[in-house]
Amino acid sequence: MGKKRFNVTVDRTICKACGICVAFCPMSVFTTDHDDKAVVSVPERCTGCRQCELLCPDFCITVVQVEETADG
Amino acid sequence: MSKRWEVRLIGTGGQGIVTASIILAVSALREGNNVVQSQNYGPEVRGGYSTAYVIASESSILYPKIDRPNVLLVMTSTDYEKYLHEIDEDGMLILNGEPGPERMPDNVYFIPITNIAHDELERPITANIVCVGAVVGLTGMVSEAAALAAVEEHVPAKAVKINRRAFILGVRAAREALAQREASATS
Amino acid sequence: MGKIHEKYLRMDKMPHIWCAGCGNGIIMGAFINAIDRLGYDKDEVAAVSGIGCSGRITGYMDFNTIHTTHGRALAFATGIKLAKPRLKVFVFMGDGDAVAIGGNHLIHACRRNLDMTAVIFNNHIYGMTGGQFSPTTFKNKNATTAPYGTTDPDFDIAQLCIGAGATYVARGTSYHARLLTDLIVKGAEHPGFSIIEVITHCPVNFGRRNNFESPAQMLLWQKEHGVAARKAKTMPLEDMEGKFTIGELYRSTEIPEYLEEYGRVIQAANEEKKQ
Amino acid sequence: MAEAKLLSGNDACVQGALAAGVRFFAGYPITPSTEIANAFARELPRRGGIFMQMEDEIASMGAIIGASCTGTKAVTATSGPGFSLMQENIGYAAIAEIPCVIINVMRYGPSTGLPTSPSQGDFMQSRWGSHGDRPVIVIAPYTAREAYRETGRAVNLSETYRVPVIVLMDEILGHLRERVEFRDEDLVQEISRKGPEPGRPFLPYENTEDGVPPFADFGTGYRYHITGLIHDETGFPTNNPVEVDTTMRRVNGKLELHRQDIERTQFVDADDAEILIVAFGSVARSAHEAVRTLRNEGKAVGMVRPITVWPFPEDDIRTAAAGKKAIIVPEMNLGQMIGEVERAVAGTVPVHALNRIDGLLITPHEIRDLVEDLL
Amino acid sequence: MAEAKLLSGNDACVQGALAAGVRFFAGYPITPSTEIANAFARELPRRGGIFMQMEDEIASMGAIIGASCTGTKAVTATSGPGFSLMQENIGYAAIAEIPCVIINVMRYGPSTGLPTSPSQGDFMQSRWGSHGDRPVIVIAPYTAREAYRETGRAVNLSETYRVPVIVLMDEILGHLRERVEFRDEDLVQEISRKGPEPGRPFLPYENTEDGVPPFADFGTGYRYHITGLIHDETGFPTNNPVEVDTTMRRVNGKLELHRQDIERTQFVDADDAEILIVAFGSVARSAHEAVRTLRNEGKAVGMVRPITVWPFPEDDIRTAAAGKKAIIVPEMNLGQMIGEVERAVAGTVPVHALNRIDGLLITPHEIRDLVEDLL
Amino acid sequence: MGKIHEKYLRMDKMPHIWCAGCGNGIIMGAFINAIDRLGYDKDEVAAVSGIGCSGRITGYMDFNTIHTTHGRALAFATGIKLAKPRLKVFVFMGDGDAVAIGGNHLIHACRRNLDMTAVIFNNHIYGMTGGQFSPTTFKNKNATTAPYGTTDPDFDIAQLCIGAGATYVARGTSYHARLLTDLIVKGAEHPGFSIIEVITHCPVNFGRRNNFESPAQMLLWQKEHGVAARKAKTMPLEDMEGKFTIGELYRSTEIPEYLEEYGRVIQAANEEKKQ
Amino acid sequence: MSKRWEVRLIGTGGQGIVTASIILAVSALREGNNVVQSQNYGPEVRGGYSTAYVIASESSILYPKIDRPNVLLVMTSTDYEKYLHEIDEDGMLILNGEPGPERMPDNVYFIPITNIAHDELERPITANIVCVGAVVGLTGMVSEAAALAAVEEHVPAKAVKINRRAFILGVRAAREALAQREASATS
Amino acid sequence: MGKKRFNVTVDRTICKACGICVAFCPMSVFTTDHDDKAVVSVPERCTGCRQCELLCPDFCITVVQVEETADG
């Protein structure tokens, strides 16, 4: 079995651009857009620590483990 | 000032909308007008919308509210249709941004306030002073000199220079918009 | 949060009113995780809050919720719990709410030991009213009512509660969100009154005035200044200077739970009646 | 219920509350209401109920509101200083529409005043003591028997209309033991607030026709929100002017819709009287006595006694006043109810004050003298 | 003082208080009064005064009374919920006759209500919010300039008559910045309470002719006693009916003796008006505006504006009302001052209510419409 | 008392209203002895009390005296001291006054550390209102509101104050009257807020209901159950069961006095003004 | 009961004056009368004077206060002149003690209540029941049987016997006083 | 110099008969009268410890040292 993979999404409509996820993701998965809202830039780096999920004050982020594909 | 000016500014918390309105108020006051200024605190909404307003007039101002402003500046949206019905018949609507391709009503102006503050001044925080410049430039409700003096009074000592520029850029953008409108009107 | 928040929050009330980066949302997340872990039925949870930014939490959570008056949440909660003991009662208060105007109800709740869990959002400031200092603001901070810097000494909420006779006292932070969930779970399971103080942050009314550039910086401060209680015990005192302990700070089972004792009153009354 | 007993006003309140199903009391001792707490402390545990001594009156008021949220009928008792402290939370109960009953055994104020002397100094405060516009029902008994019946009624009105109800006693009534012989009409019924209608969506602050929304007890499967912020029909905060207006007019207007049920006024020889006395509470005992004596002497005098003092029975007063020569309003304060009477009669009949503010009950004698002067 | 400035109502209160010599503030933050605390926090230390943030409003009220006992002029500021909590201690200040000023910036109530919306919902509470009969002066400015002058006057009246004075602001006035240009008549004088007369025995609650006893500051060699119990002339508790009556009638009656000095009423085109508007506070701005417009149209309308709202200027209203076709009382509440107006005119002129309770200011338009309907 | 009481008491107000054998009179005696020892001028002493039997003390003492509202004495006192710092401010409260309704003001006074001295008359009952239990009544006692015996846990006032940040905490009894005078003297000399809890007795509303035959018996109880703090430290824990410590319990000089700190605010404000 | 009885008892706190008045009230009530009873709490005076009163009447009792009692019993003083003006014209004054040598008004009676309780009953605490006996014996306002039943109801179960004796001794002392008065009147 | 002597007086008019002095005088100087009020029975036993003075809640008791007489 290979490395686990995760799907990280940000609900842009409710993101308040606080920058917390950007600052605390240990793998620097996030960057910001022109409105300073969070963008999932490098999802493949996500290790599933869920720090972003826990620390986002606005419940915008979802981290879902991706089912291993057959060739995983 | 023969007219009763009723100016409303809409922004989000932290954009300095209240300071902008105070600067407008002080400018008008210095020119000998009566003036009231206030703001709506959101319904306890923290960091939500914030709206501020100024009324300036030669005669005394008793009723201190604005029903339909004759100047409305919106920092947070470019959807002018949504705001058109909120202004007075011969009022002016100022929006933060670039106009779209479609033809707009005559009383709608776009000023790229955020862009000016962000790109030209490289100090987003000065957007509210750009606002002041835009309003003064578009309406002429107070003299530019009075407004500039008020700006200088109401910003931190260290930031007078940059804010002076912000004001001037706001005025300039306003003039351009007016010129353009004239051009398209005569064209 | 996975989908947990969709189960426990009133999604139609979102987004919440809290400012960008405010710790209140993080604490709400940690709390619903705790409820999920505890496995309580939503119908049996009563959430009671006072007035303040933090007090708005009850509007967002899908329990039996009540948003009371400033400082009085514990008094209302006491009535709820006594009248319907099968409800699991949680009380949410800001620092002003809990230890300024509400200080008396807090110490009496600690003394009585009625089985409820209180979560105090200690952001060291009055958020809702725009940044006045609170009884937990440290010295030399800026606040609208302290234009020359604060001079009032501050409460140590945990010490105050212990002095008042509390039987379960813990301290968490919004940064240590997982720990916070643990502490709430343990507090809820404790038979008696439990207090969880949460060191949190108000980026708008505290941070901006006190040289914090961003909410993240404030969380970082929590990370750097919160020391696990166990670890703190073995640390030299001077290393703890300016820091605070987190984790379970006090627990005792010597004092019986209030309603258990009240049962004795009912029994005595009925025996007397029979006589 | 037939046997006569000696019952104090304070104890009668407790008995009435218990008969109406009260099972929760939270309070803080204060003269001259303390006997009420003492009696609940004895009686409630016998019925499996809760007696709670709180840290102060603010907490007491909070606790009874909390208890009431679970559907438990709850009461507190206090006197002037404590009543002042309760005002914020009374306003909360009014706007959040949580049933609860506050017994205020009036003593002489302001401040600590004369703690053991009677007064009617909280008449206006009972209506206007909270900030903002809030509805309230205030009932003022004048005998122990009535204290029983009216406290029971207070509980029932509170449950029925989701409004705080104040029982306005005074030191004399509270401490007076008297012969009480209950008759059938004194029977206190147990009425509970109406609950959600099964099969209908539950709106906790529904704009119902009768002005009273259904109440769902905490823990019964309706997970809704209660707040002291102005709210819409769902119970969540709003500042939309239309919704705000709707809620506030319903909450403050609902009592008007049910005046008939809420009002209770006693008329004593009022019809053919030339002089009318308007009095409430213990002062009405003196007034009644005066009427009795004067009628025996053939003098045309009568009394109107508001039992429900708020909403003030202005129609009753106006009607009774029509054509009278004069109205006398005796009060143990500097003139509070008289303002309402004046407003009701709007200048059609001269209104005379008779105030006593020395800590003693107005005597029938004083009233008689004034009546005779005016006849 | 001549230069025009932009001043908010809240800041104007602070400036007025400072000009009158206030050197002590104790308070607890609450919207929409908080700017008052903020400004005192900045200004008092500059003058060697004390700004104190207390743990709640009860303590704030206690602290200013304490400070005032030493002769220091003291103020607090609050809004509805805090104002409710202060009522017990306001009663104390009234009966112990300790000068102090409470600024209540009214917000929409009851309970938490609409914290950022204006209201006039505490009009009756400001008079009747404490238990027992207590005197109080309540002043309601309607511009920032007046907020300055009237807060100064509030401090002076409080010192002169040894009575708590309430400055009744509202959210609109508190937050409204406006052009203020002080003229000579705005000058706030520093008036201090009268002290013991040298060579005369000091009786702290002397039954003086003007109803106001001399005040000895704590620590100046007069060791006397202050209490919230009813006391005799020496200040010690009494329950002797004659002494009680004497004290209470003096304390509650003293304002009546000085009505002329205390009352302040503005008349706008009232003399020849057919329709009279009676309004106070920010609503009076709308009323004034309406009068201006209507007069321009040649319509006979006028306004009477109580500036001192309590004691209520019933004579002014009665006189102004004589012969009018109708009176309109617009209020941002469900009808409070209207009751006083009705009582004053006693049915001689029809009185019409115009209430708005949706969180918004009544507009000149609405008033004009009603006037036109009635003309 | 020798003639000391004639110097410090308002003799024309005597006899006082307290019941025969009530501890309040003894405490008043110990207090005026302390004032005499401290050598304060009567004009510079302000005595502030709340409502309760104990609160009546201010009526009898020839200082600047004020009898305030129930529970609020410390709030009034705070205003007095801040406004006129040269006054020596003493605050007298019953246990109900100080830790039931007045608990919040007490903990905040402890936190602030303003230079005043509070004396709490802890008779474990509400005397004035006729014998309801208080937050300091022990378990299984009789009170009019506890006809089946008390079940509420009680406060340890000293612990509560220490938890709240008090800098001087002592406990005396009315029996140990000389010690009490000492403790008040030391409290007054302490630069900051000082608390002296006095274990005392209400023969009428506590004693009669709880099997004390006489006031003397209640004093005896104090004698037998009060253990000097120093001695208690060396005693086996089980010997302390049911007893309480007396003497100076806590003292710290780490936290500056409030007005000293406020001086810094005034200085900062004036410097800013000059700029 | 054709008369309206207004009885006031004056004592010190702890003398059981309130209980005595309640017993009188209950006795009257059991005989079918209307009755009110109350007490004055001293002005917060702890352990000071305490006064209690009863009004009993066939007709309903509205005004619940006594202006001038027709029976006044004073436990704390033998200074009858001080109290004479406090009673109704044809009222009766009962004092606790032995009469002095001087001639007294006809409506003044001395009953050595404390002595009876102290010396004869050796239970000072029963003085209040002696009082009840004295009042009943002197006035006949209620039947002795009704009063005795009420006494038994209102004392602790353990103390019924001694209190019954106290009541009887009170009645007896009253009869003696009456007899004496009669004797001196006819002599 | 001989043993110090003290004059002990009780102000009977204000004594409330609480019995405290009687109970706590280590030398049993006090007894009670028929009203239970304190009576100084054996003043010569007084050692001047002043316990009675300190513990009398009503300020009734005065202990004064008697001037030594010349032949003392």
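The chains carry the letters A, B, C, D, E, F, G and H, assigned in the order they are written, with residues numbered from 1 in each.
Criterion: a residue touches a chain if its C-beta (ideal position, glycine included) is under 8 Å from a C-beta of that chain, and two chains touch if they have at least 3 such contacts.
Model, not experiment: these values are computed from the prediction.
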{"item": "Path length in steps (a step moves to a chain that is touched) from subunit A to subunit H", "value": "3"}
{"item": "Mutual neighbours - chains that touch subunit C and subunit H alike", "value": "F"}
{"item": "Top chain pair, ranked by how many C-beta pairs fall in contact", "value": "D-E"}
{"item": "Whole-Å gap between the CA centroids of subunit A and subunit F", "value": "59"}
{"item": "CA centroid of subunit G to CA centroid of subunit H, Å", "value": "39"}
{"item": "Centroid distance [mean C-alpha coordinates] between subunit F and subunit E, Å", "value": "38"}
{"item": "Distance between chain centroids, defined by C-alpha means - subunit B, subunit H (Å)", "value": "89"}
{"item": "Multi-partner residues of subunit A (each touching 2 or more other chains)", "value": "16"}
{"item": "Of all residues in subunit D, the ones touching two or more other chains", "value": "31, 42, 45, 55-56, 58, 81, 88, 92, 111-112, 114-116, 227-229, 237, 239"}
{"item": "For subunit B, residues that touch 2 or more chains besides their own", "value": "43-44, 47"}
{"item": "Partner subunit C, residues of subunit F touching it in the complex", "value": "101-104, 107-108, 111-113, 135, 147-149, 151-156, 159-165, 255, 258, 261-262, 264-265, 268-269, 272"}
{"item": "Residue numbers on subunit F that touch subunit E, as the complex places them", "value": "13, 42-44, 46, 48, 51, 58-59, 62-69, 72, 74-84, 86-87, 104-105, 108, 262, 265-266, 268-270, 272-273"}
{"item": "Subunit D - residues contacting subunit C, complex", "value": "23-24, 26, 42, 45-46, 48, 50, 52, 54-56, 58-72, 74, 88-89, 92, 217-229, 236-237"}
{"item": "Interface residues, subunit C side, partner subunit A - complex", "value": "1-3, 5, 9, 14-16, 18-26, 29-30, 174-175, 177-178, 203, 214-216, 219-220"}
{"item": "Footprint of subunit D on subunit E - complex, ascending", "value": "58, 79-81, 83-85, 87-88, 91-92, 94-96, 106, 108-117, 119, 121-122, 124-125, 127-134, 227-230, 239, 241-242, 244-245, 248-249, 252, 333-334, 336, 339, 342-343, 346-348, 357-360"}
